[in-house]
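Structures for review follow.
Look for subunit A in each of the two complexes below; its partner is subunit B in the first and subunit C in the second.
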Partner chain A sequence: MEIPYTISTRPDTGLWNAKVGIWLFLASEVMLFGGLFSAYVFLRLDAQPGEWPHGLLNVPIGTMNTAVLILSSVTVVLAWAALKMRRYDAYWWYMLATILCGVIFLFVKLYFEWPQKFSHYGVYLKPEAREKYEQYLGNHRREEKGLEPRIEITGHLENHEALTDSNVKEYEIAMDPVNADPDNPAMDRPHFIPLPATDKVAKIEKEDVERISSFGPWHSAYFASYFTITGLHGAHVLGGVLVFLYMWLPVSKKVYQRNPEHLANRVEVSGLFWHFVDLVWIFVFPLFYLL
Partner chain B sequence: MDASTSLETHGEHHHEAGHDHGHQELGFWRKYIFSTDHKVIGIQYGVCGLIFLFFGFSLMMMMRWQLAYPGQAMPVIGKWLPYIFGANTMPDGKMTPEFYNSLGAMHGTIMIFLGVVPVAFAAFGNFVVPLQIGAPDMTFPKVNAASFWAFGVGGAIMLTSFFVPGGAAKGGWTSYTPLSDISDKGPGFHPFLNGQTLWLLGFIFLITSSLLGAINFITTIIQLRAKGLTWMRLPFFVWAQFVTAFLLLLAFPPLEAAIVMQLMDRTAATSFFLPAGMIVNGAPLHISGGGSPLLWQHLFWFLGHPEVYVLILPAFGIVAEILANNSRKPLWGYKSLVFSVLVIGFLSFIVWAHHMWLTGMGSTVSAFFQTTTLLISIPSVIILSAFFISLWGGSIRFTVPMLWATAFLPMFGIGGLTGIPLAFNSADLYLHDTYYIIAHFHYIVAPGTIFGLFAGVYYWFPKATGRTMSEFWGKVHFWPSLICMNVIFLPMFLQGMLGMHRRWYDGGQGWTLSGEHIWGLTGFQWNTPISWAAWVMGLAQIPFIINFFWSIKHGKKVNDNPWEATTLEWTAPSPPPHGNFVTTPVAYRGPYEYSLPGREKDFTMQNEPVEPSERSKRMAEPALAH
Partner chain C sequence: MNNPPDIAQDPAEHEEYAHGVQQHVSRYLMVGGLLLFFTLLTVALSYVDFGGFLSWLFHIHISPEGGRKLNIAVAIAVAAFKASLVALIFMHLAAEKRLIYRVLIFTGFFVLGLFWLTYLAWYDPITR
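Let's turn to the complex of A and B:
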């Protein structure tokens, strides 16, 4: 038994099967990420003043990762074009470049961006205690200027034992510049180049603290969406890399030798998926890094 | 067209990348268990789905005891159930509230996602659609098998959740937050292997299964239609499955997103659905807050409403085939039916918030969703009317499939019409979450869809096995089921209008208004006849089960087209071999050419060429009609 139109096109639709399949799959992916992005919008609109953080992510790193993904979208098209021209060697190199781009993207995410968050802490102050820490929050000036209040002091936690030891009565935070110098107008906007935490330490009494948390998914609705969406996106990148790896390995050269069009079709279909993953990142990047 | 694979080339023609060497060489495991053949997968889905349907129904039969005789020890099986479901479920045969909640949540989940969808969409779709469009198989047979096995894993996880400490999910089949975010947590519960978390995990597999299936169905219908089988010559069943596949494809992913978020809430301490300031068991929750319980409802019902049409559209398709076949008349208004089903598919995406009138979304939002909800009743009524008119003037044969199909019509009608008050938020404020709702949607899904499914099982059984199911036992199955269904669900409308709440553990015993009399019984007392009818209906399924398995080997042998039907699946041998057709079918005409004038037979199959003489007669027809 043979299923028609696996490689050749059906005359009246002008399509081969997998091409229909991948576009349908991408439609469902649009709905999946659409659901997540609409959750982001919903939660962000619901957030109280000061609750939605800004400028916590590393924009240059994110920009570089964006460039890496866009580059990989170019190389995967070149790989496909090389197959169409029946130049397997060129294909092999372009595919390798695509795979490396995907790996670099994941490496930056998993070994640099994500782990950083877990060693950075934020202390949410009780509303009545905010006045006491005005020197770190600068809310008087912000109120005059009509800006959202600051409700959190962020930085490096110097005394980790305070998290578990109830005898320690205060948290010592080596503050981020935004809390170290809260009245500086330069701190009203997030910085493109992130500034490291200062050595200025704030001592915050535990009884003034509503909640202390690292910048993990439990920190806020913002980080919850950040980890969920970038995590799911990362899983898609990983899936794409694995598929490309399969097409790059010698096992797929056999497919090429039997029918080069077959491998070209496979690359086209997985390339479409790859472009979609790229496109999702084009939404993720501004939503989390810039806005 | 390279669909020219004929008998001679069959088995010699090798697919470039495939490893299929024809069905003869496959061993038992590859042929019947890990098969990629759409017919085997369809039957696997069907049998599993029917088993799940009966299991889900059994959960409800247990709950009906508690509702009719609250707090009393369950006779006979009461003392055995703790050995199955855990020691704390039914101490001394008395059902605990937690176990009751588990049963309720799992009844809904299992009936919909493990019972009706697998049978209506996956089983009939897999078995029938490729045959009806003259295709050798689905476009992606391996994906098809993956879909079935993802369903299997999802089902296994759901079943496993009964046996973990604390039992299965208790948050209702809708898993509303924040309740389901915080339930099954804390002492006595495993952080991951608890009912609600397993429910979410199981769902991820079920959604994956549906997505893979939906992609496969749509691609198959677009790409593998036989030569000459144009869109307007497709049997209505194929159209119904086509739209259903789109609903699954586009509605399930937002729920998947919501499920991922709830999973994060439960395992990674996020607060997607938890507002700040939550206090549980007297202690504040250590969470960031900032989430929204309403967000879950929106995402859930964005799936939930299209899902209703996922349940009903395949039944429409089945009933359409059977009505045309047994009234020996073309289906009335084929084009209106097709366009109606397309309009339903579209509108079903913009009615979801009518499940949420009680959340106070505001009058503007409510006005929009009331309008769309009422609009969607138009195509539904067109479809139902077309079915009724199809019967008009036909020479009806009341075969067993036809009995189920005709019973479907008024049952679906009752379910549909009682939904109209619920479309208006002012009326729904009163009826919301009462037994009225239970009655309304069960009339659509139980005597509606499930009757359609039984009709389909009896109708296509000869194609799958080459034998028919027993006519007599089919009727023994049908009549008690029809009567019991109505004894179960009709009184529930009345109970609901009294205000009886759908989630009461004691069946309304403790509530004063349920002491009012309707037709001689109080609202609470009505639970008893309802429960007895449910148990009798359970017994009435026994003839079906026996008939089904017995007829596989011992049913009456029949030819390839026992119902004298017109569509392409009846041109294949029964059971069809791997690859389906002896000669590649070509379609020359529409799907319902019954009782063409001037023909010897009263049915003309789609693959019978149009004769020149017939063409001139057809031209003359409109003139005669004047």
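Let's turn to the complex of A and C:
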């Protein structure tokens, strides 16, 4: 049985099937990501002073990944245009470039950005114990300047056994510069290139600690929303890459030889999905990396 | 561009059509460049202390938190502009069929409703 309107358009709507289909799907995707973004807004508005962290993500890496995604949006639309001009060779190369961009994006996320977070620790201090660690928090100066207080000491955990061994009474943290040099005004705003942890070690008694955790989704509302949204976004990138791979492989050349418009339409709808994924990232990047 | 003619039959027609596609290609490249530029711009602007700058310019007091809100507003504005470029040009929404717009109007309505509900939950007018 021949399915109608895969290539030609329906006379009443002026659209072919897949185009309506993808837009209905994207409408549901808007609601899906909309729900998560509104959760982000809610959590952020509800955060107490000092609870919402700033400058914990690597901005140059994030900027590069944003550029990679934008580049792939350009190449996929060029791949589609190449099919429209019946230049299969050009299409093949543009599609390959798109796939590679998607793979680079995922690689950077999975092998660089995320694992770094899991080895970085934050210690939330009990409110009554903060004064004791003033030398690492610099809250007196911050209060004078009207800045939010610091409630956490971050860095590399030197004695991992402290996490499990109750005989060890304190955590040893090689602090990030923000805690190693808390009264430096340069630490009030995030740095473009993240500064590495110093070798200055803070000893924090366990009884002063509200909780300690690595920068995983369990760390805070910030990281919970970061991992949820970038995780779902990453899954979309993976899905897009798999679809593009299928259209790039020789199987799809048969579709092209039968009717080039059919492949062009397939590339157009998967491209629409890809642009949407790019569009989501355009909001993810400033919300989590910059603000 | 949404609905191309069957282009392989008449060589002259094909020529004209390919030329049209070529024009689109240069537009896509331009939009890609703009998007990259605005990405760098939004990164740079996020390090500008708008609160401090405006306090200095108009001799008014803006708290650091107020300054941060200004930065958020600027970044969201740039992101919205970039997103509309992607939607209008790459996703061809600048010239689409009416049915698609209808679907999207409903989507916009419901997603705004969703954010409104979130705001309502945060503002909590009943028990506050």
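Everything that follows uses one rule, which is that the second predicted complex is superposed on the first by the 290 of 291 C-alpha atoms of A that agree within 3 Å, B and C clash if a C-alpha of one lies under 4 Å from a C-alpha of the other, contacts with A are read in each partner's own complex, and residues count from 1 in each chain.
Just so we're on the same page, a contact is a pair of C-beta atoms (placed from the backbone, for glycine too) under 8 Å apart; a residue touches a chain by one contact, two chains touch by 3 or more.
In this text, all values refer to a predicted model and were calculated from it rather than measured experimentally.
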item	value
Partner chain in contact with A:N17 - subunit B first, subunit C second, else both or neither	first
First, second, both or neither for A:P217, with subunit B first and subunit C second	first
Touching partner for A:D46 - first (subunit B), second (subunit C), both, neither	both
Which of subunit B and subunit C A:L249 touches, first, second, both or neither	neither
Which of subunit B and subunit C A:A27 touches, first, second, both or neither	both
First (subunit B), second (subunit C), both or neither touched by A:L232	first
Which superposed partner A:A186 touches (first subunit B, second subunit C, both, neither)	neither
Set intersection of subunit A contacts, subunit C complex versus subunit B complex	13, 15, 20, 24, 27, 30-31, 34-35, 38-39, 42, 46
Complex interface listing, subunit B residues touching subunit A	1-3, 5, 10-11, 13-18, 20, 22-23, 136-137, 139-141, 143, 211, 214-216, 218-219, 222-224, 249-258, 260-261, 264, 268-272, 286-288, 290-292, 295, 298-299, 302, 578-579
Sites on subunit A touched by subunit C in the complex	9, 13-15, 19-20, 23-24, 27, 30-31, 34-35, 37-39, 41-42, 45-46, 59, 63, 66-67, 70-71, 73-74, 77-78, 81, 84-86, 145-148, 188-190, 192, 260-261, 271-272, 275-276, 278-279, 282-283, 285-287, 290-291
Complex interface listing, subunit A residues touching subunit B	1-8, 10-11, 13, 15-18, 20-21, 24-25, 27-36, 38-39, 42-43, 46-48, 51, 211, 213, 216-221, 224-225, 227-228, 232, 255, 258-259, 262
Residues on subunit C engaged by subunit A in the complex (per definition of touch)	2-4, 6-8, 17-18, 21-22, 24-25, 28-29, 31-32, 35-36, 39-40, 42-43, 46-47, 49, 63-65, 68, 71-72, 75-76, 78-79, 82-83, 86-87, 90-91, 97-100, 103-104, 106-107, 110-111, 114-115, 117-119, 121-122
